[in-house]
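Okay, got some structures for you below.
There are two complexes below, and they share chain A, which is joined by chain B in the first and by chain C in the second.
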Partner chain A sequence: MVQSKKQKYMFLAFCLVPTFILFAIFTLYPLFSGLYYSFFDWSGSSSNKTFIGFGNYIKLFNDAIIPNTIIHDYFLVVTKVIGIMVLAMFFAVALTQLKLKEAPFYRVIFFFPNIMSVVVIGILWMFIYNPSIGLVNSGLEFIGLESLAKPWLGDEKWALPSLVLPSVWAGIGLFMLMLIGGISNIDKSYYEAAEIDGATQWQQYWKVTVPLLWPQIKIAILYIVITTLNGSFVIVQVMTGGGPNNATHVMGSYLYQQAFVQFNFGYGATIGVMILVLSLLTVLILQFFMRREKVDY
Partner chain B sequence: MKQLQKGRVWLLLTLMLALALVISACSSDDADSDSSSSSDGTDEPSDSTNDGTDGAISGDLEIQYFVGGYGDSWWKEVIADFKEANPDVNIVEHAGPNINEEMRSRWVSNDPPDVVYIDGAGSSETQMVEDGQLMNLTEWVKEIELEGGDKLIDSFIVAPASYDGDIYSLPLVFDTWGTWYDRALFDEKGYEVPTDFDSFMSSMEKIKEGEDIDPLVTSGQHPYYFMRGMLYPAFAAAGGEELLADLISGAEGAWSSDVTLETMKKVEEIQKAGFFDSGLGALNHTQSQMNFLLHDNAFVPVGFWLPNEMANDIPEGFDFGFIPSPMQDAGEPFAIVPDLRPLAIAENAENPEAAKAFVEFVFTREYAMSFSEHTGAIMNINGVDLTENENVPSYLTEANAMINDPEQVQIYEKPYPMSADLETPLGNALMSLMLGNMTAEQFVEEAEKAAAEYRSGL
Partner chain C sequence: MKRSVGQILGRGGIRIPLILWTIAVLYPIFWMFLGSFKSNAEIYRNPWGFPETFNWQNYVDAWTNYNIGTSVLNSFIVTIVGAVLTLMLAIPTAYAIERINFRGSKFLFTLYVSAMMIPMVLGWIPLFFLLSDLHLLDNIYGLAIVYAVSQLPFTIFVLTSFMSTIPKSLEEAAAIDGLSPYGVLWKVITPLSMSGIITVTIMNAIQFWNEYFMALIFLQSSEKYTLALAIDFISSEAQYTNAWGTLFASLVIAIVPVIILYAIFQKRIAEGMTEGAIKG
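Showing the complex of A and B:
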């Protein structure tokens, strides 16, 4: 079939224009309006706003809470990447290589948290961590370790680490499925060949599975990093509200507090710009470190 | 083949059309997309100006009111009565627990409702005044008279908040924070109801031993519960209205003053004695109130709305007892710092005449009485005798009697609510103090720093 040039461009326009319009409305416009508002002193609840140039940015650099929120965010990023990737990888390999009969059942079980709203997960885990009726403290008491029991979410030192568990728990399923997909695409003959050459299971895992699965691993890590930097807000907001004494504030929850609780919308927008810049930088750096030649056996 | 391609083009065209529809729907004026209901069932705000020829009011009157612990039955009654008295006015109600968030876009786009009741999360009277969103009522309020001929301005229990001498809102609900206990438990076990800080401590000590619980709970997620419920009265008792005003406005040296430090030492003392619930850092306000109802704790500082808010969860035999927070030294009267929920008119109200008529209509002793019946709280009008009314809960009549007895209770007024910009960092440091991670000295230092930052941002 021969297409005229005009038809081709028409077709391209049909495909691209709606996407671009949607992208412009839902991504570019909020992005630039966020940037715009970051130059204003604005409460976010009236039409009065004053242009203050870089005032909010100067405030950002002098705000003692900001460095902590960044540290908290990256603490969550690192612990979540390690926790989710190790466990998701383990379960994915176990469910595909160990030839378990109940594999489909486990797949459903592990994926289950992903179909729950993060808010529900947060509330559920608040009960698990509840100092008097929670599973964690009762469990510790049951095995005779009541000295370790503490008000997890109400402790300045332990509140942030306590948020890691629910975040990891909520994240495993999706990445496990992603990795399972990748593993089942690997040709079985590689494993047979490796076995004939005398490779142990462990060697097969490192020399065959991981290299061939690298594209999926890379995407999974990037995805966890981005969603954590942009989305850890929800679990923090639901479970601790950033407290006690800012011990769990991440950039997103601090943005929310500034913009909607303290009525400093302009400053909130400035924090938003910071999140954008940091996310971009992080992703670029990760891309650089994780680039690898595509492996083909 | 050609036909197939034609089919594809049609499909794409249809998709484009659908997209265009979605986009146009998204970008349409959002002014009418909030949850509003009008008394005659229509949602369309039509002509909202009043003719003003014969002084009668007409047109649309939009009222925004937050529905929280007090419920909305009183509002429904008042609005229905107003509608009956002014049949030409079409009232559009914007109400609900999230109404402050839902109406935000209207305020931002300079298209506010006419009357607003300022209460609940996401609303701040101070912020609204700073943003110039409320009408200056200073002159007008002087003209309003109650049914007996009393001037309204002289009939408030607590006078309206004053911003450099100007009045922008009229305090409708007189709420006050205090400390709640279960009278049934106290009677049964013979625990002492505190009358000052010393007896508070000794009572908590006995309860800690007798019940094997941490006696005092509050919401760690919202430290302002403790701040407004315990600290404001404590500061007022120790330093009077002047200190309270200085602390709220973040005046230089107020937070690091000796009186403030002494008061914070009391908090430290409670913490060191282990009287605070050890898990309070993680509790939100409902959880802390639930713990109190379940006898996991014996005291909780909350406002008058507690019984109404927890109405569905009150265990059998539980008997609410209310005292002003006992933070004052022995021999001093209790201190109460009222917390007022005001009614205001928008600066850009489209129907200011109807708005004024409504506000005037609401402030009567009759509605004050029915307010107490509906909500278990007090409306900010004096001369309302609740004792004869059996529909009013007993804790309220008792508290009311106590509040009206200056030998027992001293009322201290705060100039205006503390700005969230100051309250948030203070609450954070307070939390640290209550968890035992900070001393009273460190707290006042942090607080002074927060006040300095707040002043520089003004």
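Showing the complex of A and C:
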């Protein structure tokens, strides 16, 4: 290619600089200054911004709500990983191994909630849980278990577990497709060999499907963990706002409340730093534990 | 092939959970459509069945009482401006990272991609004040910029992997024919990447159309509300006004464009999202 060095750099700058400037202003700068704000006591106006060193971090460790928000987040992580992986795995295997004619139909339907807005999902499920007209309580009454009916989202003990079902409902399709993609890449000859050796369907599942699918399973679990830790607060905010009595607050919704409702911006930033640290640590630890020798048969 | 009785039963039995889950997915969505045609009294009397008559009053109420038309317009503006801006920013960078040798290209790519894993909540506090200083707070164009930048890492990531499949010889031939690098980028690379560009744009558009939390933080006055915020507002009001029918109507308005896009681009959307998740 005939072009001078100067032209090349001009073109390179044209490609990279505007994008990077905007990325720096709207992504990098806010992250770093969030870190910086966490050392200030600050209610929003520039006049009363005071440097308090690790004051917010000390407050964080003494805040009785914080441990609960962390527990709530990890409760959602664990229940979502189990719920989504078990069902997605089941559906993926069912749709690939059984060669059902209508398999594409299920795929299209199961995936749809993945592209619905969290607001729509949250409001729909608020109705499903509605104490007087909701589907759950009507269903329980219908089968004669009225005694189990309760105001699900208004009950301190049941509100958080009630948030798991909508998240699983909304998440399964994507992971099912990921696993289906993995399964269809598994060479059929492994199953034929297993069949000849007299392996049952169940054995084939555990000895062939799961090990060969491990890369996809690992990615799926990591993806659920990351998206939950970085985004669980959205469904919490829509469905319960953290209530009743803080019973469903996760780290992100508590940050929102502290920063944008009570105007403790410095403390909110400190919670943000905690989310960042915990989410990166969790991913590192998970990656360490999910290392598994690549299987080759 | 012979099939044992057990296998046949198994195939029939396996359909039961599949059908149950289909109902679990579809019923709430159908029910939302049905509810949007019911009066409030009917919603209480017969919450989960068919409406007695189909009337459009709820849609009229959503339009007149809650100004949902403005919110729909705002959502369209944010979605379209955001999606176009994302492309304008992402295409040149993706091309430079993928095809031009320069020092730091690996680093730049890693920087963009790792931003996908960082929880942005921390950044939203400073962003709030930054937008306020730039007079972009409570401004749908400000929100569109924030959206565009938030989807940059994902978009760059998808586009670079797409551009890597384009044969280099095409660019070289175009350059020999005297096309400038700008010409190569816009007249050769962009058209050849069109399939990837469409996929990623549809996904960004759905993301922007659905987004709730950043809109909640960065928009304040009700005439600036996007659809997600308007719905949230109607929902919280409905606790007192019991205007559930109106709420359903607004949910339907929010979901119909997504259903239409999904009906047309189902394969692209599903593939794009799984690819994005697997490689990310």
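Rule of thumb we're sticking to: the second predicted complex is superposed on the first by the 265 of 297 C-alpha atoms of A that agree within 3 Å, B and C clash if a C-alpha of one lies under 4 Å from a C-alpha of the other, contacts with A are read in each partner's own complex, and residues count from 1 in each chain.
By our rule, contacts are C-beta pairs under 8 Å (C-beta built on N, C-alpha and C of every residue); 3 or more make two chains touch, one makes a residue touch a chain.
Keep in mind the model is a prediction, meaning the values are calculated, not measured.
Enquirer: Would you sort A:43 into first (chain B), second (chain C), both or neither based on which partner it touches?
Expert: first
Enquirer: Going by the contact rule set out at the top, does A:276 touch chain B (first), chain C (second), both, or neither?
Expert: Touch partner of A:276: chain C, not chain B.
Enquirer: A:260 contacts which: chain B (first), chain C (second), both, neither?
Expert: both
Enquirer: Using the superposition on chain A described above, determine whether A:14 touches chain B (first), chain C (second), both, or neither.
Expert: After superposition on chain A, A:14 lies in contact with both partners, chain B and chain C.
Enquirer: Could you figure out whether chain B or chain C reaches more residues of chain A?
Expert: Result: the larger residue contact count on chain A belongs to C.
Enquirer: For A:22, using the defined touch cut-off, is the partner it touches chain B, chain C, both, or neither? Pick first, second, both or neither.
Expert: Both chain B and chain C are touched by A:22.
Enquirer: Who does A:154 touch here: chain B (first), chain C (second), both, or neither?
Expert: So A:154 only meets chain B here.
Enquirer: Considering only the contact definition stated at the top, list the common interface residues of chain A for chain B and chain C.
Expert: Correct list for chain A: 1, 11, 14-15, 18, 22, 25, 44, 126, 132, 260.
Enquirer: Could you please specify the touching residues of chain C with respect to chain A in the complex?
Expert: 10-11, 14-15, 17-18, 21-22, 24-26, 28-29, 32, 43-44, 47-48, 89-90, 92-93, 95-96, 100, 102, 108, 112, 115, 117-130, 145-146, 148-150, 152, 172, 175-176, 181-182, 185, 206, 209-213, 216-217, 228, 231-232, 235, 247, 251, 254-255, 258, 262, 266, 269-270, 273-274, 277-278, 280
Enquirer: Which residues of chain A touch chain B once you look at their complex with the stated criterion?
Expert: 1, 10-11, 14-15, 17-18, 21-22, 25, 43-48, 126, 129-132, 151-156, 159, 240-241, 243-246, 257, 260-264
Enquirer: Which stretch or stretches of chain A touch chain C in the complex?
Expert: 1-3, 7-8, 11-12, 14-16, 18-20, 22-23, 25-27, 29-31, 33-35, 37, 44, 87, 90-91, 94-95, 98, 100, 106-120, 123-128, 132-135, 138, 169, 172-174, 177-178, 181, 216, 219-220, 223, 226, 229-231, 233-234, 237-238, 252, 255-256, 259-260, 265, 268-269, 272-273, 275-276, 279-280, 283
Enquirer: Would you mind writing out the residues of chain B in touch with chain A in their complex?
Expert: Touch list, chain B to chain A: 1, 5, 9, 12-13, 15-16, 19, 23, 26-27, 104, 107-110, 122, 124, 127-128, 130-133, 220-223, 278-284, 291, 296, 420-421, 424, 428-429, 431-432, 435, 437.
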